[in-house]
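Every chain is named by a letter (A, B, C and D) in the order it is written, and numbering of its residues begins at 1.
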Amino acid sequence: MILPKFDYKKARTIEEALELYNKHDGNAFYLAGGTDLVPLIKLRLLQPKVIIDLKGIDGLKDIKKINNSLVVGPNITLFELKQNPFIKDYFPCLFESLEATSCKTLQMRGTIGGNILQNTRCLQYNKSLEWRTARGFCLKMGGKVCNVVPNSKSCFSNYCGDNAPSLMTIDAKAKLVSAKGERTVRLEKLFSEDGRSPFTIKPGEILKEIIIPLKKTKGAYEKLTVRGSIDYPLVGVAVTVKKDAAVVAVTGIGPSPHLYEIKEINEKSINEVADWAYEDARPVLNAVLTPLYRKKMVPVLIKRAFKRIGAGGGR
Amino acid sequence: MRKEITFTLNNEEVTVEVEPKWTLLYLLREVLGLTGTKEGCGYGECGACTVIIEGKAVNSCIYPVLEAEGKNITTIEGLSKNGELHVLQKAFIEKGAVQCGFCTPGMIMSAKALLDEKPNPTEDDIKEAIEGNLCRCTGYVMIIDAIKSVAAGR
Amino acid sequence: MKTIKVMLNVNNEKVTLQVKPYETLLETLRERLSLTGAKESCSLGSCGACTVLVNGTPMRSCLILTPEVEGASITTIEGLKNGEKLHPLQQAFMEKGAVQCGFCTSGMILTAKALLDRNKKPEKRDIVKTMSSNICRCTGYKKIIEAVEETSKK
Amino acid sequence: MDENLKIVGKRVIRSDSYAKVTGGALYTADLKLPGMLYAKVLRSPYPHAKILNIDVSKALKVPGVKAAISGFDAYGVKWGVFRYTQDHAMLPTDKVRYIGEDVAAVAAVDEESAIEALSLIKVEYEPLEAVFDPVEAMKDTAPQIHEQYKNNINIHIHIEVGDVDKAMAKAYIVREDTFKAKGEAYAMMEPYAVVASYANGYLDLWMPNAGPHVRAKALSNLLKLPLNRVRVRHINSGGAFGGRSEVAPGDLVASLLSIKSGRPVKLVLTREENAMCSRQVHDIIATVKTGMKKDGTIVAKEYKTIYDGGAYSSTGPIATSIPYYVYEECYRLPNVRYDGYRVFTNKGIRGMYGCHGRAFLAGNEAQMDLMAKELGLDPVEVRLKNGLTAGELTATKSKIISCGLKDTIIQAAEKSDFKKKWKKHTRNKGIGMGCVAIMCGFPMGFRSGSSCYVKINDDGQVTLITGMVDNGQGNESLAVQVASEVLGIPMDDINLVNADTEVTNLDPGSYSQAAAYVGANAVKAACEDARKKIIAIASKKLGVPEEEIDLKDRVAYSVKTPDKRMPISWITREAFFKGEPIVGTGSFFPDIDLEREWVSKPEGQMAGTYSFGTSVAEIEIDEETGKIKVPKFIAAHDCGRPINPMAVEGQMEGSVGQAGIATIFEGNMWYKGFLLNPDLLEYKVPLACDMPDIETIIVSSNDPKGPFGAKEGGLTIRMNAYSAIACAFTNATGMLFEELPLTPDNVLKLLEKNKGGKR
């Protein structure tokens, strides 16, 4: 399958990248590992004029300990990040979600920034132009109806990132930069909850850093897939425990991860969150297993994650 | 340094990036895949690489590719129209003018250039027109016969 | 659209190419350099049949734009032999019967090579996990895993 | 000679593997010919619509476009495997019948221009009501997909043996269940590709195919060209599994484009096209009614099986029959009624698959286990009791020639400690067994046989010429290995020229499980012919009687006085001096009843012989998630004498993935006529980490007619691995599956139903 025509530019600095973006009237996409972006372009889901490669920018590939935070450059690959000793020691939940992401080869190409900002997916969306033309364009394609839930006004495509939910449970923040300057937001604020355009990132903004408070945690990531590798999560549950409290994030169902907090961990509170997450989950028939089943798996995986943490930590 | 050139090849406009050091023959055979034109000697001695440029038969193996810019070029592949052979091609077949076939494209192109310019050539004209085309098989008799038959047929 | 000049070191040979900005590394290898050992199967990064090594790291070449890897060393399956001598993994794949239709084979071997290059003695678990990056429809993987295991023990 | 084999039966390195590990093996998409054009196909966006007009004129104006065609440029010939199934125009002019059907095509100097040109082809359609469910399609009110097939019934196979109703009435227990299975994707790693090159009145073609001769004949019909002007040439094939059996629309498309443009044309399908528009596997609904005696003897079987055939006949009559036959070739069925319906729907065309019929076969086996349990019997004993043995006739009167079924059952059961585990299974753990037989070389009319030529060259090396084709299973190496054995010449010295229709003689292809039994037998015969000639000369030259001479390591020698010897290369030269170069010819035609017909006369000898296999799977079910794990799989196979045990194991292991793990992973998903998982991400081909610990057991029997006693290798496991999983599920849960695949959602639903029903 060949790519449609576009121009390729390699940026050396963030400033240069922002300038290139503005020069192309916003019809540009930033490229990191390309494991999400390139298939979307091949399927003609995106038709950019220019691709701006961020991999040549110095500093976006570093992991630094600054004060009490771990500052992670977005261009670091999932595989490299996984090797970082802080990750395994401090954030078992993130370590597990990194380990569970796709397959080893794609971990070596995919970056953490790209992984966080991956587009939402749907069985009726991630198809060739010919397929989609025959089917009729859905909401996410700029059409008038959702092809999965015909009377819906919103898009149910699934956010399938494994690592954003883990990062949310460890209070990660994102530093974004644009021509107007920098801003730092909590990771969950990046999600718009609208499948059509799942992120709150403004046009041209670049993810510059992921900042994680450096506190030791316990945690686990539970992922439901059919196969043992390559697959996106059909449901993913990240749980991080800090002393008596816990944070739970659910991914793979709907356009953004759902986040829950537990003030005091006990059987009752875990069950409550599990029930709550069950109620919140509104999967539709847009992934390979049935919606009701995926919904049912949310509390199952939440309880499993807690059980595993209780049984002696993340690993 | 590659350069872009545009010319007409077998009635179609072609734009292609070329290296200045290339010959037209190289472009035709190696880049455009038109292998009907043959390389016999590489020095312009045998005529196997003959193509028609602006109505003239030319040895493409010594023709610098950059000079093709804007020109009208015909190769053996451009001779038949809609599956129908050119009269010269038919005549070569009918008169037994083809043996190993390696000189044939160049021979036919030389003959075509002649007939286009001079529809009723004399035998001497014909011999002169193909004197730059070597044939090792036929002894030329049937080739000349074939060209003559076309000339007479007009 | 302008082309982009890219220098690569492909199987220990320097090449300079003018590529399209939207050309994948797989296209460059197969169409420009005629290195057809890397296969196109899913074209979307799901299957691993197009895996090549970029600076030693296994990568799906169908997902990489050639300009992205300017200056990189690329190893394809064609570059694995040392003269006439097969790479031990190639030898083991043959001897263990790990090859059937052969369409996934080059990607499998290169994925395994990268693993053994970074970890000489991987545990079987690591081998299985790493080789789970690539899809094979014929073998059931048993003999592929055995071939990698066998090589790692040498 | 057979008792003293030098290379047959040894684990040899496959002759094709060097090219494959070095990247040198060429597949169709790797080919590049001078002046080659790139083709793209415009496909139907409708599941069912009348074609009012197709206009390709604008596409022709795109710079770089050299030809554009539609069905109006073809010759109006419809293809069908049988005279009574000729319903597939390949490029339709009347109406389209599934989303993705080939409608028009262009060839251009590059892919980009071809894609641009496609968008300029104008097709006017009148959409028609479509039907996607085979049961719906059989109703009177359903839209008719083909005029000539009433109620959309493409094929009805009716088999009636004995007195079923009487036997059912007398049976100790009777059980009737309905089983479904989603159709699968072949998901061969190589997407379909074809190169066609028409020049000087001759058409050369390269494409992955399972039978070059059958393919060439079909194209010669479609293109109205004499057979010797259509040459299907040798090329590597990246997997077939039944999905490359027939002529494909792309073959016609590329050929027409090449004829029009006078240039070679390459068409490579995308992964999505490969799944939607080449071939898919039948969805099946099977109702199985079984009557059993108290001792576990099957007394009667009654079947109604519905096959979702998609839009065209394809191999219809065969596909509708095979699941039943491989069952009756395994078990004794004194009274049986089989009704198989292949029904048209507005979905992609369905073809034969290596794992064809999983709802039917797994249903039969799982139901049998549940009945055995009710009778307090052991499944191993029930299988042994009902299993056929050599010399017996199947229900439809086909004789079992050689049979290692019993050994495969016993060995697989012993290796897995089956009886104990089955009886005392712990909660949500189970073990299951599946058996099946496979015909080797079934009736294909005069195409059922194969022939081979061999020539010994002046340096003593060998050129072997056979129509046998290799789709990855190792048939090429098999041919070379057999020749090496007979001629006493190492495999390295033998050059194979195969699967090239202008050079090789007729061969049935690799989809009737015929390569090892039919093709290799012809190779053996040809080499024996040459061997005789070598020995005759050696006998004269060495002065020893012919019976005393053997060939080994490129030398002819006397067995009694081994220093009386001479190189075969010398003998070859002697032969040239005599003006009688050493060439051998040989052929093999399986002993089958050629009167037999799939629909009109389903009775008589079906195949030259049968191979047998038994699979045993152990599973664990996660009660909370419904996920099934398969920790252990044992496969036992009677393939006669294995020519290359390593290759046979490879086939068996591949089968455990493609059929066994597929039982919990694989199924096509649909929204109306839209295939939702035509890719390798959402269609779940198992990965290395998903595979069980596999143990393979080759039960060596010796078929009297097989080459060196060999029969087909591997396919039995492909057609019973799913039964083993389904039976293990029954063992673990006490219930039958309702639909395959047993994905976690499906399993959890069943477990919940079970809980609700019982407690």
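General remarks:
Criterion: contacts are C-beta pairs under 8 Å (C-beta built on N, C-alpha and C of every residue); 3 or more make two chains touch, one makes a residue touch a chain.
The structure presented is a predicted model; accordingly, all values stated were derived computationally and were not measured.
Between chain A and chain C, the least number of touch steps comes to 1. The busiest chain interface, judged by C-beta pairs in contact, is C-D.
One inter-chain figure worth recording: chain C and chain D are separated by 29 Å, centre to centre, where each centre is the mean of the chain's CA atoms. Separating the CA-averaged centres of chain B and chain C is a span of 45 Å. Computed from the mean C-alpha positions, the centre of chain A lies at a distance of 42 Å from the centre of chain D. Centre-to-centre separation of chain B and chain D, using mean CA positions: 51 Å. Shared contact sites, meaning residues of chain B that touch two or more other chains, are absent.
Under the contact definition stated at the top, the residues of chain D that touch 2 or more other chains are 270-271, 681, 687-690.
Shown for chain C are the residues that touch two or more other chains, namely 40, 43-44, 46, 129, 132, 134-135. Remark: chain D residues 33-36, 63, 262 touch chain B in the complex.
Chain contact summary for the complex, chain B toward chain D: residues 13, 29, 32-35, 77, 80, 83.
Here chain A touches chain D in the complex through residues 1-2, 5, 103, 123-124, 127-128, 130-131, 133-135, 147, 224, 226-232, 288-290, 292-294, 296-297, 300, 304, going by the rule given at the top. Of all the residues in chain A, the ones that touch chain C in their complex are 1-8, 10, 31, 34-35, 38-39, 42-43, 51, 53, 55, 103-106, 108-109, 228-230. Residue ranges of chain D in contact with chain C, taken from their complex: 11, 13-14, 16-27, 29-30, 32, 187-191, 236-239, 241, 268, 270-271, 471-474, 646-647, 649-650, 652-658, 679-681, 685, 687-691, 694.
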